[in-house]
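Quick heads-up: structures coming right below.
Consider the two complexes below, in which chain A is the common component and chain B and chain C are the respective partners.
Then we have the complex of A and B:
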């Protein structure tokens, strides 16, 4: 009710996007939107205004109203999120241009910015029917994936895992006797694998799920923020394919998001940091309705870090 | 009677014994016929290995309609898994797995993510002789 009232006020689009700072490659930011919380038609119209003609065409070609709304929100989320970080220049969400890399991964086309020096942001988006998320980093590729915690699989979990996951992962899953728990671990593993492939940016075809293993291993953190050594779990990826990027370069965060979803974020480690010391990603999470309301939810029940 | 004879004369085809092609290269007609027969048999064998496209379409549409998340009324031969049916990457992999079960052959992982619509699934399956 309150959100609908707020939505009816027409804000100037650039003025109502509070600027955010993101300076370190060790940091990752996650912004998410809950589609069912956006009901105002005037707000949806505002979002449509910031899309490119091409994006508008794709969105409005969709015949299903709910799918159309989700596609619209996804584009609006990406554009508004990236615009927030352009602190030193006045950038409107509408002015951003996007291109696809050689493998089809969408990226911001920074070349089109002549008047200003943009912050070299990387982004990645993931959507489910009830949550759309956009992750951003600076100077590091990023891949994210979100899945509903209670999603059902058409196939038997172990049949699916045997077909698509690595031997080690199959072993780990088959050791779980409770079917509900097994399904949950499967979903977590899926989000991690998806996030990794999306961070690589080369497409599923180039990094088939069977060719790498993701494991959660316990490790000791070095002194971080003044604390001495304590147990933590680290998510690591091993690849069977030599031609792939050095797998020790990638780090992961896995979380329970908004109580309803698992979310995985994969970023590249800062190459200037040597040694086996684990330097975790500093993650900040916002729940947003662009132009209306932003809420930092890190440290609340909405974000429960599972690992990483 | 005369007309009948004339017609028969007109219709009569000279038949030569079918000779092995190499032994008698001058019997062009015989050679051609045997080649033609050989060729026709071969293409029938080849044609028999590929499934008929409209049959493949029907079967693919059925598999997709049976997918619980899918609204059957939205499934048409041109439906795009993500844009029209609202399916995500995990759903798409499940559909690929269901198609493997339906058609009895493995779809390589490096081809799987190109199958993003019913049309693409049909094209892929119809062009693979291993599909049953």
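Then we have the complex of A and C:
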């Protein structure tokens, strides 16, 4: 089925995926879907139609209905998102093939494209029960993670942190006296660490959480938590085994997403830009129900940049 | 979280959110190593830890109990040895919490690298018994 460009907002039209441009490695796009907003069975069937047989099998063998829906939406989100950036009309959400890199990180397999050079798009997904997100970049690896802001841990925050986080991070967390605030900062740190490891794409065991530290540095002097003036703040990662990672290569964005989640995005800095000056990532965020409705939410209350 | 895979060429793969699952589609003669996390029939243990025999049923049961508790699963939901954490709705934070729960229950210490390689109840049970055995030795 040929995709039309700039389709009308027709319900049940799988041709409706407006084209998006992504040209610079300094840019990152984030697309997210709220599962509870997708109730139509016919829409879910449409999503199932674009999955590969392999994916369909895995989705439909899940017994729990909610989990099945979530898995379905995640795959549909990835496929439709990537398809939006393709100029060539031979590429449809269904035609995309995926491959794992040598460490197991999923990537698009462009090998089957004969006639044209596809955009070197990278993607990464993350989900919670109430939000599924897909980040895309061109020419840069990307890792994202989302977590619910009000997530409860079964274990004590500090014993969790002591077990899995670096010494510096433990220090920062233990300096926060309010337990609610401490939990929130923990979750923010978790999303940043997850995003970093996923961006590295080498598998968790190559970068255990304890071996690197993430710091949020604000340009103005002040304490880390409770300092609302984060205008010029910067998130950096230090690794104890710097020989492997060149940690100065990575940059982060941390945000409050849809009022309900923290989201972290990690991408690689443009190596052609020299010097200490860090150019912030230009981030655009869309809320989507693929084939039905896309809404650019950057600059609205749905996206509040915390740092980066 | 990412899984360990060997070298391979083109596969059409399915993806569990935040987990990697490999499936094989026949593409001529390609030698693949698979960590088939949600398909017991295709399972190959990652080279990193070899369990020579499966864990005792009691261990598996205890793991199931901890998993249920962490994921707040209803009593009717089926959790067994081959149950994959991601399929039960666990994300990476849940997996780490499950491991912490297991450490407390069995008085063992799981290395971070091993913790993230646990994808199923059986993986966890096998690792636990191995660690208990090493402790006793």
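The definition used in the following text is that the second predicted complex is superposed on the first by the 276 of 308 C-alpha atoms of A that agree within 3 Å, B and C clash if a C-alpha of one lies under 4 Å from a C-alpha of the other, contacts with A are read in each partner's own complex, and residues count from 1 in each chain.
Operating definition for what follows: a contact is a pair of C-beta atoms (placed from the backbone, for glycine too) under 8 Å apart; a residue touches a chain by one contact, two chains touch by 3 or more.
Note that the coordinates shown come from a computational prediction; the quantities given were computed from them, not determined experimentally.
J.: Following superposition onto chain A, is the placement of chain B relative to chain C best described as a clash or a fit?
T.: Here chain B and chain C cannot both sit on chain A without a clash.
J.: Per the contact definition in the header, classify A:152: touching chain B only (first), chain C only (second), both, or neither.
T.: first
J.: What is the contact status of A:110 with respect to chain B (first) and chain C (second): first, second, both, or neither?
T.: In the superposed model, A:110 contacts neither chain B nor chain C.
J.: Considering only touches as defined above, state whether A:74 meets chain B (first), chain C (second), both or neither.
T.: second
J.: So in the superposed three-chain picture, is A:97 touching just chain B, just chain C, both, or none of them (first/second/both/neither)?
T.: Only chain C is touched by A:97; chain B is not.
J.: Per the contact definition in the header, classify A:201: touching chain B only (first), chain C only (second), both, or neither.
T.: Once the two structures are laid over each other on A, A:201 reaches chain C alone.
J.: Examine A:52 and indicate which partner it touches, taking first as chain B and second as chain C; both and neither are also allowed.
T.: second
J.: More residues of chain A in touch with chain C or with chain B?
T.: The partner that reaches more residues of chain A in the superposed model: C.
J.: Touching A:132, do we find chain B (first), chain C (second), both, or neither?
T.: So A:132 only meets chain C here.
J.: Classify the contacts of A:63 with the two partner chains as first (chain B alone), second (chain C alone), both, or neither.
T.: both
J.: Show which residues of chain A both chain B and chain C reach, each in its own complex.
T.: Chain A residues touching both partners: 58, 62-64, 66-67, 70-71, 127-129, 147, 151, 153-155, 160, 163-164, 190, 194, 203-205, 208-210.
J.: Touching chain A in the complex: which residues of chain B?
T.: Contacts found on chain B: 67-68, 74, 83-84, 86, 88-90, 93-94, 97-98, 109-114.
J.: Which of the residues in chain A come into contact with chain B in the complex?
T.: Spelled out, the residues of chain A in touch with chain B are 58, 61-64, 66-67, 70-71, 127-129, 147, 151-155, 160, 163-164, 190, 194, 203-206, 208-210.
J.: Show which residues of chain C lie in contact with chain A when the two form their complex.
T.: 1-5, 7-8, 10-18, 20-23, 25, 35, 38, 48, 69-70, 77-78, 87-89, 91-93, 96-97, 100-101, 112-113, 116-117
J.: In their complex, what parts of chain A are in touch with chain C?
T.: Its residues touching chain C are 52, 54-55, 57-59, 62-64, 66-67, 70-71, 74-75, 78, 97-100, 102-106, 109, 111, 125-129, 132, 147, 151, 153-155, 159-160, 163-164, 190, 194, 198, 201-205, 208-210.
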